[in-house]
């Protein structure tokens, strides 16, 4: 999930290491959090504009997404950024696409899906406002006060996911290192090998069946 | 009334259950609140982009809508969201269309119809402002202070309907479960069968005649 | 003066009663307040998009309108809304056009005609600002602070008219009922019959001559 | 100077009286204040959209206008509105054009000509900002705080002129009545007759020569 | 430097006197302040839309302008306005172009050149923001708080130059009168004659050579 | 890096000296700070619109940029402005392009790359907001409060780099003078000669190899 700032070219050694930890961060959090889709493949071979990628396996073809799923998705998106920061004490531009995605998710939770405690079931997205009645909502119709409260809620949701993602990376630092090391060596890890690393480190991989039987989220 | 986020496809078991409770929430509140239109049909068979739907029976062809009718309509729209939350302790994206509708209703009450206590009989919708006199109102003409007070009133109206809808669902939880269960089993409930469930649970269905004779709302 | 929300169709019994009281409200206030034009005809037969209408008789072909005339016009416009509220303890969408008109009148008093005490003789309408000098005024040129004070003045003017209109309806409730009753029965009341109702209830109808001789307003 | 709200038609008696006092107000103040152009002709015969007019005689063909001249011009523009208010205790829409002109003059003093004490020699008109350098100023570049201070200064200038105009009308009420009476009777007063009324009431008419020799304003 | 409000016509006596003092103000300050370009010619013969003009002699063809030069330029621009105010206790519209120029200079110092103490080396001009990266900066991206601080800095810079310009005019009032008197008499003063007036009043004219050898500004 | 205000022409003596110190400032800071690219060539020969230039040698073809690299880049950009200020106690328009670049870098750190402590991993650039979901973000969606906090963070980042750059110039003033002196004399300094000046003044030039082996930034 390393994004738009990169052109396709061969990564140098440092970039390879950063990219490995970045993708390992995404993959580890996706493997630990309950409502995230399990990992299908992790790679540091650049694809399109991205330096590496983590393929997640949607457990089933879903029509709806729930609040708990969104919260885990945000934490997974933060995984690359946080792994870089934890390991290198620096951050790269490679996370910008992740930040864009996770901020948009958090904002949609607040403004479109009634998923914030502060506002509850209320549509707050000016672009959605009044499509039913033919006339678009005026951009000025939403007050500054409301806009400021929305910004706070978005930040609060991201801060919560930040904390949870950090806990996962700290608790499972050894797994993070193992995944990153494997990525630097073999560049792409398929699902079976990935699950072996998890198991070797005491993490039970999610099974498609388990998840389908778990109480609805 | 589950909306735009869904494509037409067969629902999996979990989605079926969520959709059943969502529609049951709408239908139950519509059956209990005095000024809401009675239920004609409830279904979890997807229709267009919606996963399920609840058909309401407008008691007569009306030209005007009143404040009390709007308040009950908002509570009915909240029914799906609140049923999901109460039963699954999670919320899905399926309610987004309902939120859009009910927020627009609440805003119109405040800005177009003089139905808020704070403002009383005053037009506050910038888009309506001065059509009489040929010149459109300038978007900046409405102050931020006014916009913030409008946002508060809209939230207050929704919060009031929220409380009333929650009380209905809590008080009649058994009926909610019964409707949802029937929906999972037979997918579509016609009016007669729906009224049998209500009666079996001690709720007297609204009659078209009763409503036409009730004092004007 | 019941407005845009209505399509032409036969009114049901409830709507007829609401419309009758709505028009009666307009007509009664127009008959009592000194600077309002006297009533020419009242009807609950729908005309265009309006459910009913009250025709006022401009006492003479006038070029200017005065502050006192505007204040009475606003009170007359509030008459339909307030009659509905007083009689049915509910409000309908039918008043929305009245609200639009009276809010625009109050705003013009403040921003175009120097008729508010707070601002006095000063043009505050951004759209009028600088047409003399060829360059249009920039929408941002008016400060938020000024916009907020204008909104307050507009509300203050409407609140004043509200109070006066309410006093008229309360004091003459019997006349209001009489006019509404007649409207439900015969649907349209011509001037002569209307004045008979007023006289029967102790209100002396305005005469064109009286008004022309009254001290200038 | 009675403006846009009027269509050309014969004035009724009341309108004639209002228009007479309105124009008399302009003419009296123009005759008393030192830097205002003297009156050439006063009339209540409608011209274009105006109900009446007061022709002022520019003492010489000038290229520049000074702060003191602007202040007297604003007071003259207020004369019609204030005369209506003083005599009839009501205000008509006829002053709207005057308000537009005087507000634009006061705003230009503040934003274009450095004629306010608060800001001094500084250009504050967003539309003028940066024409020298080819790039237009962005509308958002001026802060709300600045816009609010400008609005205050504009109001302060108008309030000052208001006070001076009121003093003139109060002190010379007899002259105001005399001019208005003559206008109602003969409709148009030429310069010589106008100066006779002034002299009869103890006001010495301005002479072109005097003004050209007076110390520069 | 008397600007846009003037059409080409023969100046009357008063206007001639005002224009003479206005240009004398510019010329005197340009002759006294260290970093201003010396005066080449002063005239009250109208040129284009300007009533008079003061030609300054750029000491050398320069590529850069410095903060100290800008500050003196602003003071020179204020010279006409301040001379009018000091001599006639009134201000004319003739200074509007000067105000426009000096305000734009002060704003550029703050927003483009890092020449204010409050902000230091930072680009604050929304129009410059992000041209490097292809995407224009959004007008809303700059906060109101920042815009208000910029406005304050611009005013502070002008106030400083105001004080310095006033000190020059007060200290050298006799020279100001001498230049103005000569302008009224002979209308245009060439450089040699201008320097004679300076010398006669104890001011040593700047020499091109001196300035080129002075320590860099 | 002296920018847009300059047309191509031969520099006079003063401009040459200013340009020499300006470029020396950039070059010195680039040579001292750890994460800045080393200097390849320094010149005061104008190139396009720039009076001089400092070519930096990107150590390797990089795909990502890190927070520490951005901070050093900003300090290098400040080098020209600060050298002018330190040596001449004045600032020229020549730094405007540098200010534009460094402000945009600092803003991107905050809004696009999650590189500010205040906001952390969050996208704050309205232009990036919601491209994923097809609908552009509305300009008003970001609150004024958020915009003000972003402005503060941008300023804080620049202030930090300012302090570090100033320390470098103060500590190595002798080197600054040496580079500037050489530039005035020979106009262009190639890498080898540049490194000799550094070594002569006790600064060890960065080696490509060293940097590639240094721990990842």
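Lettered A, B, C, D, E and F in written order, each chain numbered from 1.
Quick note on the criterion: a contact is a pair of C-beta atoms (placed from the backbone, for glycine too) under 8 Å apart; a residue touches a chain by one contact, two chains touch by 3 or more.
Just so we're clear, the structure is a prediction, and the values are computed from it rather than from any experiment.
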Whole-Å gap between the CA centroids of subunit B and subunit D: 58
Distance from the mean Cα position of subunit F to that of subunit C, given in whole angstrom: 67
Inter-centroid spacing, subunit F versus subunit A (mean Cα positions, whole Å): 33
Contacts with 2+ other chains: residues of subunit E: 139-140, 142, 144
Chain contact graph, described as a line, ring, star, complete graph or other shape: ring
Direction subunit F, origin subunit E - full chain order round the ring: E, F, A, B, C, D
Sites on subunit D touched by subunit C in the complex: 2, 5-7, 9, 11-12, 14-15, 17-18, 51, 78, 81-82, 88, 90-96, 98-104, 107-108, 126-127, 139-140, 142, 144, 147-148, 150-151, 154-155, 158-159, 162
List of subunit F residues in touch with subunit A within their complex: 60-68, 112-115, 119-124, 128-133, 135, 138-146, 212, 216-217
